[in-house]
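In the two complexes below, subunit A is the common chain; its partner is subunit B in one and subunit C in the other.
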Partner chain A sequence: MADEQRAVIELDHVQKAYGDFVAVHDANFSIGNGEFFAMLGPSGCGKTTTLKMIAGFEQPTAGRVLLDGVDVSSVPPYRRNVNTVFQQYALFPHMNVFDNVAFGPRSVKKMDEARIKKDVMEMLEVVRLDKFASRKPSQLSGGQQQRVALARALVNLPSALLLDEPLAALDLKLREAMQIELKRIQREVGISFVFVTHDQGEAITMSDRIAVMSEGVVEQIGTPTDIYRAPKSLFVAGFIGSANLLPAIVESSAAGVLHVRTTDGVGIRVPTSSTTFSIGQQVCVMLRPERLQPAQAVTEAGGGLEGTLTDLVYQGATARLLVRQGDGTELSALVDATTLPTWVQPGSKLSLVWAPDCPYVLAGWPDRAGATTTNVDHVEAAL
Partner chain B sequence: MNTLRSRIARMSLNVFAGLGLIYLFLPIFFIVLFSFNKPKGKYNIVWQEFTFDNWLDPFSQKSLTAALWVSLRIGALATAISTVLGSMIALALSRRTFKGSSAINLLLVLPLTTPEIVLGSSLATLFLNQTYINFGFVTVVIAHVMFQVSFVALTVRARIRGFDWTLEQAAADLGSTPQRTFRLVTFPLILPGVLAAALLAFALSIDDFIITFFNAGSTATFPLQIYGAARVQIPPQINVLASMVLLFSVALLVVGATRGQRSEAAKAMKRPKIKIRK
Partner chain C sequence: MVLLVLVCVLAGVVVLAVFGGPEARHLLAPYGLMKPGLLWMALFFLAPVWSLVRISLSTKESRFSVQYNFAWAWENYSRAFSDFGGQFQRAFLYSFIATILTIVIGYPIAYVIAFRGGRYKNLLLGLVVIPFFTSYLIRTIAWSTILADQGPIVSLLSTLGLVDVFEWLRIMDNGKLINTPAAVIGGLTYNFLPFMLLPIYVSLEKIDANLVNAANDLYSTPTAAFRKVVFPLSLPGVFAGTLLTFIPAAGDFVNAQFLGNPNTTMIGNSIQDQFLRQNNYPVASAMSAVLMVSITALVLLYSRLFGTEELV
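This part shows the complex of A and B:
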């Protein structure tokens, strides 16, 4: 990671529209040298379109795409120094592994075959497939095909490697192994990786920075920790990890502290550095499930949310508590299963409490109060 | 009871299938059989006695041999032209839908559904109304290309349906120019389909009578020659040459089938997406 300051890819107010439908709105960010950058969002959010504009398969309808500081907006893909790993790998079925990997060097560089052979075999060693050089792609497993696709895209030493949901076609075990493998390869070659995924866990475990996208808009860009701790929008709060989102009204604001009252009357003290909230404003309080603890149903100092435990799901080291409040809002808490008090039983009344720095406040009311449905526990585990 | 009944059912199925095959192959069998006949007189239509004479001297009928040679040359040239044109149409139609692609689809089917007699006579009218080319070799080639293009385009398109176009994107992504991508990626993968279409087109050209009849002028192709000669004689060499053409076609089919099994083309087709999510 030599000079992360130097931008390899810059998107300068890039927009892509198909007729009236705008697939990407004003994407404006840059990706540094040697960075592992993820574009994360649900399907149809514009992340793949953005990737295709970087690769050159799509042209932006407004704005510019810069590679190494040069405007490439109208340069065809075969003259751009970026390479792509396709979702279904797109290996050439009539060529063996060696010829697949050598396709790039033979296309662009005027190199002698001896040199090409050396480069290709080196790259096959990096992906640990040097013994499979003469196999056809159809004779390889999914994970091996994936690594051929990686080697083929890396052997040209591109400015950046673009990966379009590269792990989506693999089963869970293999996917986790490939996540580690991808990180290792990225460290080894030191090339920027731009990674498109709909899997928040994948994005969080692998990336240096994440751009969260929704409906063609880049909602937030930041490190995984930043995005998890301080989401900038309700969408990001709900999409990254699971969250309990409670609609509330601002009651008072003092230096660094906001007093809000939820719609069902519980007062919550929220530490915040933001000064943009005004009294009477509709806000949303976010409580992360792993920051909540059960307490016996007497409201303790510092407040708590009371309810009935409807479900207790053991997940190995952790347990998920689902607590239904009086108004029907469901809350979720993720607790250490080994220290769970015995009075925590389904049907029992209890109160969920939290440390003072846990609540986080966002502008606007959520569509649905309570726990978000994305219950992906390895996100919390990864952080 | 049951086993007996199912045995009867299976047997009758076999009998009907056999009858169907006989229906298909009996005429062909007779063509080959009569190439070994030693006819009395000029008409090889009544079985007399077995002989190898005809096969030992297949080219004794000079006009017949010349006509076969004309047919082969026309077939080769017309097939070459129509295979290139038809494959390009198929590629364009498969790659993306564009303005007018549905119209082209319709126009492709039109020559297949139009009666040959209409195609042949209207083409002849077209040729009569110009002064640049006379009826002959060239007009027959043009006529054959006209109907072959449709067959080639439809066959190639059917064979490359499901071709994974991201392979072309991948090649471009790796720095390959469009020309190089076509030469090294697209063409090798669609080649089996193109060859199959070319074989079909060639067979259609050798076989065609009606359209050729209208546009050949004094040029005699193999079918035209046989038709013309049949009024005065039917020499056994017709059967010999026809059997040779038949053998050649069967040989091509066998080669095609055995090679096709090993072909990598099937693997270029997109495999179903397997997505496993938790």
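This part shows the complex of A and C:
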């Protein structure tokens, strides 16, 4: 149904500055037809500003925004064929659900009321709210209001639907249900969804492609798998999923394999196809927690990081191990709780080992060595 | 009489609460909390209204007496209508026009302050309110100087040659701006403007800017967004402002006294005159009662037409 080759939205070297402050630097990417595209980043990264430029609420200070191949950089929002689902939904409180959804079609003035009624009721069925047409928004729950906002935008059959943190106001259970619901609705209507979020889990589960943004810069664009497995920057590595980041120096490089030594003297063999690393360069080794396994430090020699188990957090199917190394670096491993050996107890000495294809290398040293998401203050500062 | 009944009821409640045991006390506690309010209303609302209605149906013992005898004297009411019908009409007409003018002038100002005020919002609101730190009387008398025949506005108009236009608009009369109906209406408009402006401001200020964005996003031009979203959501403010303006304006006598002429007197002037100068309390009371009832009726009709319960 959807020809993903055709770009619905194109950002052509778009920049947005407020005085001296540059909110968005040189955003340059396109979003395909029928694609579920997420813009992900901590607050203040420019993702909402980018969305507003697509919607028309903000004008770029440089570059162009193209919709269906037409430059709309200076076109006001009411003449752009995109619709927005606002963060707090922005439903019209003085109108009932039906009138809210009919607002867009009635503003266009091309359709007769009978046709509008049919379209609106169809769309309310898609979001499963056809029984609530005569209710006021204040009489609906958060999730229902959310779906009214979706229906109100989708009934206009826009080229793309823009969603600004649409799930942020919902509680956890509802958020998970709405993620699935959003995917279903998107498949059903086949319209491109551009989704702004600071929740990396949400972006990974829902999107076809993700643009990770930080401080106004698009750090990486790719499928969730690409971004998770091969982050292009330390920021992306730390922001998507959790990771153990270890500062290291390149010792030697051979065909497809890099030998690095971490700052505390552990040699690690990293498979890489990249040839950009030179001997003596400062790099960062990324080890995903779910690829690490505990091993008894004494019996298995070599190829591991040694430390003391400080915490064992049982999470049902999985367990998180927090291991503190001699120099205080904290590492995290996510293991299968059912097969966890009994000797793994808080206080026990162990080493964390991995499969040969696990290590991934990035240029530059991380700000903090060790696991990325174990420190509450650190996480809060990032968001 | 009424007062006596109320006091008895209150005393009964107190007796029940003191001697009725814990259960009665528990039951009566919420009503106990209402007591200060009830007492206040009884003393300062019910009792005066009762006495007003009684006097309006009384007759004087003699022309110069201040003694009244209750006598079901309905003729006071017929006199109120027959002798002061013009004043009633003018009171409602002038305050109606003034209310419309306060909406026309106050709404745009409130809109600009609420949506474009930015960090100057509080300063601008302060500017609206500051003149009202001066006494109502002084402000009204100041207007009589401003509108005087040798005053700045009349001279400006004659310099610009606009006197004829203003005469044609019936704003000026025989080259005079002061002592015209327009001056009275203007004074009412000026004096009650903040009572319209502030409630409108409050209701506009509450409107989420994203609602306007949402309307724009759904293909409404800024004008259409105002018509379909902002204006309907500000109607509670217009409604409140109308009540706060129309009701006191209809009973006002200060503006007609200082800015009007003998042919522009409003019912407030007549009531004041009958009470304080003619010492004719029965007719004055009858006029007050008619004014109260008609305002109440108008307000009820207005809120019915307005459908206030439909508003957010």
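Rule of thumb we're sticking to: the second predicted complex is superposed on the first by the 367 of 383 C-alpha atoms of A that agree within 3 Å, B and C clash if a C-alpha of one lies under 4 Å from a C-alpha of the other, contacts with A are read in each partner's own complex, and residues count from 1 in each chain.
Please note the rule applied: a residue touches a chain if its C-beta (ideal position, glycine included) is under 8 Å from a C-beta of that chain, and two chains touch if they have at least 3 such contacts.
Quantities reported herein were computed from a predicted structural model and do not represent experimental measurements.
Trainee: Clash or fit: how do subunit B and subunit C relate after the overlay on subunit A?
Mentor: Clash - subunit B and subunit C, as placed by superposing on subunit A, overlap.
Trainee: Quick one: is A:A90 in contact with subunit B, with subunit C, with both, or with neither? Answer first, second, both or neither.
Mentor: Both partners, subunit B and subunit C.
Trainee: According to the stated criteria, A:D171 is in contact with first (subunit B), second (subunit C), both, or neither; which is it?
Mentor: first
Trainee: For A:R152 in the superposed arrangement: first (subunit B), second (subunit C), both or neither?
Mentor: A:R152 sits against subunit B and subunit C alike.
Trainee: Report for A:G104: first if it touches subunit B alone, second if subunit C alone, otherwise both or neither.
Mentor: both
Trainee: For A:Y78, decide between first (touching subunit B), second (touching subunit C), both and neither.
Mentor: In the superposed model, A:Y78 contacts both subunit B and subunit C.
Trainee: Should A:A55 be classified as contacting the first partner (subunit B), the second (subunit C), both, or neither?
Mentor: After superposition on chain A, A:A55 lies in contact with both partners, subunit B and subunit C.
Trainee: Residues on subunit A in contact with subunit B in one complex and with subunit C in the other?
Mentor: Common to the two interfaces on subunit A: residues 55-57, 76-79, 82-84, 86, 88, 90-94, 103-104, 107-108, 138, 152-153, 156.
Trainee: Hey, which residues of subunit C end up touching subunit A in the complex?
Mentor: Listed in rising order, the residues of subunit C that touch subunit A are 208, 210-211, 213-221, 224, 228-229, 232-233, 311-312.
Trainee: Taking the complex as given, what residues does subunit B use to touch subunit A?
Mentor: So the residues of subunit B in touch with subunit A come to 164, 166-167, 169-178, 180, 184-185, 188-189, 264, 267-268, 270-271, 273-276, 278.
Trainee: In the complex, go through subunit A and note every residue touching subunit C.
Mentor: Touch residues, subunit A against subunit C: 55-57, 76-79, 82-84, 86-88, 90-94, 103-104, 107-108, 138, 152-153, 156.
Trainee: Under the definition above, what is the set of subunit A residues touching subunit B in their complex?
Mentor: Residues 55-57, 76-79, 82-84, 86, 88, 90-94, 103-104, 107-108, 136-138, 152-153, 156, 168-172 of subunit A touch subunit B in their complex.
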